[in-house]
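In what follows, chain A forms one complex with chain B and a second complex with chain C.
Moving on to the complex of A and B:
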């Protein structure tokens, strides 16, 4: 009986502490379909229960929201691809090879991770301005605009850099878990170093790559500070900055629309999470250990 | 394939992992590298495999120096302690992986795999993943992967250490049979002397990166090269007793204790005469004498396998003796002992080397 009691107690406790979050999401969901809300209850302009409406979703017919969504998608995908690519190669090198400066790279990158990115804003600004001066790469590329100041590519570049310490460490940890024996066996079987990485080792650390991809994608999708600082037209940069622009207008804030845009931003992450949570859970259940 | 290691040395930083190793392995021979952990046996094997580059010295295959040849060009197969199978591939893909890298045709691959897997009795497992197999089955798959490219040299790195005792013995025989059938030169790294004795034609005993002895199991038993080998090989270990050799009337006597002397048989006389020596004799080379013998006192009796291991005292020296379990002894009993002729071993207490050799 004691065990059962304890189990229920745990469940009640968990419900209690997650209640604020659940209520918050519930409020967002209800608000998006109502003119006003009184607590969690949708009300109309006179204060009676009711007043359900779709008018908050009008922004979907505005071209801006699709531009910012597209931009955010590019940012997220670019960030994810860049982080995975660089982290996997760097993690492999740091895990498997012995070269001068290996230790200092590891400790420095950890220090960088501890840096709040806001302290770097001004320095990054100068770097991006400098990149802008480079022809073509600066700001003459299709889709991402380039890698300089006031381009999507520039933001991707900065975001990747800030995400790398975490990525490199995570990847190094996963590579460390793959046994040397397997690599030696592959060498003797006739693999080249690169083929070993591609065909033998990377398949072992799929869960790690998936986790890093999810983290990076969500990071990119919700990133605010970097696009807000380095895009001159911040209101049309990403969904997060677009959301912010709704708040900061001099007109009274329309919480219904705000909630709708918020939900709109949330949805892709939720869907993405549903499809990838299998991999996320994989990490906690022991990563790679012999079995596939 | 004939293999020669000449002055082979490997340093990690300032530490010698292998020091000036000289070894000649004949074609088709099965040799074991035996030693406690950290003695350099695995390092030696990885140098032969081409994973490590020697710091000094040469590795020769069929009299040709191959120090800088890539592992894949050495025509070797290797079996690891951890099996090192690729967990994301099926057994079939694992076994045929070396052929796939050689760009062998699919038909050929299937034919070879069928042959090997039938031989190893794993042909019913080809569609499974390594994670779904038992340890013994995984090791057979690993062996199949090593054999399929028809290597000229097989390397085993403690392949049976992760298996349970009974399986180990059957796998031991299995590996030996396969090695004989294919006639492949094989090097087997192990820290288990029983395994080495059972399988290898010759055994190389290593310690701290230095080769201690390289000879057959019999010779390691009967005439160990030095005190380390004497103590390391054989279970229970050899008795090592501080004693003196004294020549009287043309005969050589071993004084174990002040008044207790034994005549040294002619063919076990040391090549170099020394007065103070360490006398070595294995517990099973000591007999309980029916009549007259060396007087001893029983200190302690214990069961050792299906025999008795008796700790005795001769004068002021302790000695362990094996006895038949039907004999009954009690602590304090007086018995007499007899040393078998070919059990005598003498070592130089300063250099630890056997005095029978030079």
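Moving on to the complex of A and C:
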């Protein structure tokens, strides 16, 4: 009996310490469809049980939310594409090519991986202001606005840069695991390194690219601090800053609407998470491979 | 100098690595230099970008003399130590052991559950906590735990602000250690575990004599790595309390001084000095990781020597 009893005890213990997570998510789902909630119980305006409603989702008919969603989508897609492109190229070079300074660049990228980029946030503000002064590129581009301060392109560029140490390191790890035979043969046949990368290597590390892509997309979709700090003229730059501006409004807020907007932001991430957990675990553990 | 130029030219020929180097220079190197340069000036929104002066170490002296410094310093130390011990290492270790000693499906379930806070958008995550601890009759904890026990319901965020910032960061931070410890526990040779089981070792003996010695390096790694992340992270605190109720940690202090405060008076010089200190700490830690965690073994030479 001992062993089995112990297992049940462990599960009960795990449920208990996980309660805040479970309750938090339950609360979001329930209050999304209620006028108000007392704890987890939906109530109507007089405080009696009931009061289920769809009115919290009215914000979906508001134009702002779709502008914000569109911005967030551009940010996520731009970030994903940028991270994959830059880290795949750099990761390949670091894994497969020998050149002077390779080792220093490798140690540099590892050091950046450990370095908390958040401390540079204030200085990046100055860099972005300088980029703003460059004509056209600074803030005269369609859709993304440019690459300077207070533009979508600017926050995409910063997000890519901050994501790079992880991306490059991860990509290098995946390239390291691909066998050399085909590549050697192609090289001897006079194939260029770029074609080798594109036609031979990349198809072999699709799972790695998928993992990094999903992770970057979720990062972009969820990111708050960078848009909040660098797109200051509109508090409604991305879904995250939009939600934050609702959350910190001094007027009495409608909890149901807040929860609904929260769920709206959470859903894509949750769906991604449920279907791609195995890949994502790769990312979280892959970043520190070899250190244990 | 000539040699350096040659190396630079050789690097630029490697167009594969150019985008990476470009972004690293623009968003890491230049910012580090800016941080240090501006920390030696009195630049603020008052002086503007044209009217500032070099002031030497004045900002650093001001940090030393400022009565607020001690307060922000200790809250940071307390916050980092508490979160590390109880959550990022402590709870992570407990979770890893618990989820590897139940059936695989349950273990997988709980590990995914604990990953959720990490992937949940941070604003949504903080909002969840705010309503968990909100005053009665709305707050979930008040309604489900405090009231049935007959205690006085309260807005727990205002009562225990410090506990709250530790909790919200701890629930995110625990998953990092959990994953690393789990894979380390799973890589312990089966024979050793079986031998211990046959000898009738209790679970606590197994933890003490097998798991902990095997996990020495991962434990050390998570401990140092998470120290650095905690020292410099402030996003959750910014949204939850915005530094009120005595929760203004060092990194948030720097952020407020330089980029975001109510009075619109941005003290860039002073803020940069505050973050320069964090940059120095960050660089020292990163170098230690490289030396300590045997970086050279990770760097194998590529087989193809030609470019």
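What we mean here is this: the second predicted complex is superposed on the first by the 243 of 292 C-alpha atoms of A that agree within 3 Å, B and C clash if a C-alpha of one lies under 4 Å from a C-alpha of the other, contacts with A are read in each partner's own complex, and residues count from 1 in each chain.
Rule of thumb we're sticking to: a residue touches a chain if its C-beta (ideal position, glycine included) is under 8 Å from a C-beta of that chain, and two chains touch if they have at least 3 such contacts.
Quick caveat: nothing in here was measured; it's all calculated off a predicted structure.
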Is A:32 contacted by the first partner chain B, the second partner chain C, both or neither?
neither
Give one of first, second, both or neither to describe whether A:187 is in contact with chain B, with chain C, with both, or with none.
both
Quick one: name whichever of chain B and chain C touches more residues of chain A.
C
For A:216, select first, second, both or neither according to whether it touches chain B, chain C, the two together, or no partner.
neither
Could you look at A:151 and tell me whether it touches chain B, chain C, both or neither (first, second, both, neither)?
neither
Report for A:203: first if it touches chain B alone, second if chain C alone, otherwise both or neither.
first
Using the touch definition from the top, say if A:92 reaches chain B (first), chain C (second), both or neither.
second
Chain B versus chain C as contact partner of A:56, first or second or both or neither
neither
Output check: A:266 vs chain B and chain C. Expected answer is one of first, second, both, neither. What do you get?
second
Can you list the residues of chain A that touch chain B in one structure and chain C in the other?
184, 187, 288, 290-292
Chain A touches which residues of chain C in the complex?
7, 10-11, 14, 16-17, 19-21, 23-24, 26-28, 30-32, 34-35, 38, 91, 94-95, 98-99, 101-103, 106, 110, 112-132, 137-144, 167, 171, 175-176, 179-180, 183-184, 203, 217-218, 221, 225, 228-229, 231-235, 238-239, 251, 254-255, 258-260, 268, 271-272, 275, 278-279, 282-283, 285-287, 289-290, 293, 295, 297-305, 307
Along chain A, where are the residues that touch chain B in the complex?
179, 181-182, 184-191, 195, 200, 203-204, 288, 290-292
Residue ranges of chain B touching chain A (in the complex, touch as defined)
46, 49-51, 71-72, 74, 76-78, 80-88, 97-98, 101-102, 129-132, 145, 149
Could you please specify the touching residues of chain A with respect to chain C in the complex?
6-7, 10-11, 13-14, 17-18, 20-25, 27-28, 31, 36-41, 47, 85-87, 89-90, 92-101, 103, 105-112, 114-127, 157-158, 160-162, 164, 168, 176, 180, 183-184, 187, 193-194, 218, 221-222, 224-225, 229, 239-240, 243-244, 247, 255, 258-259, 262-263, 265-266, 269, 273, 277, 280-281, 284-285, 288, 290-292
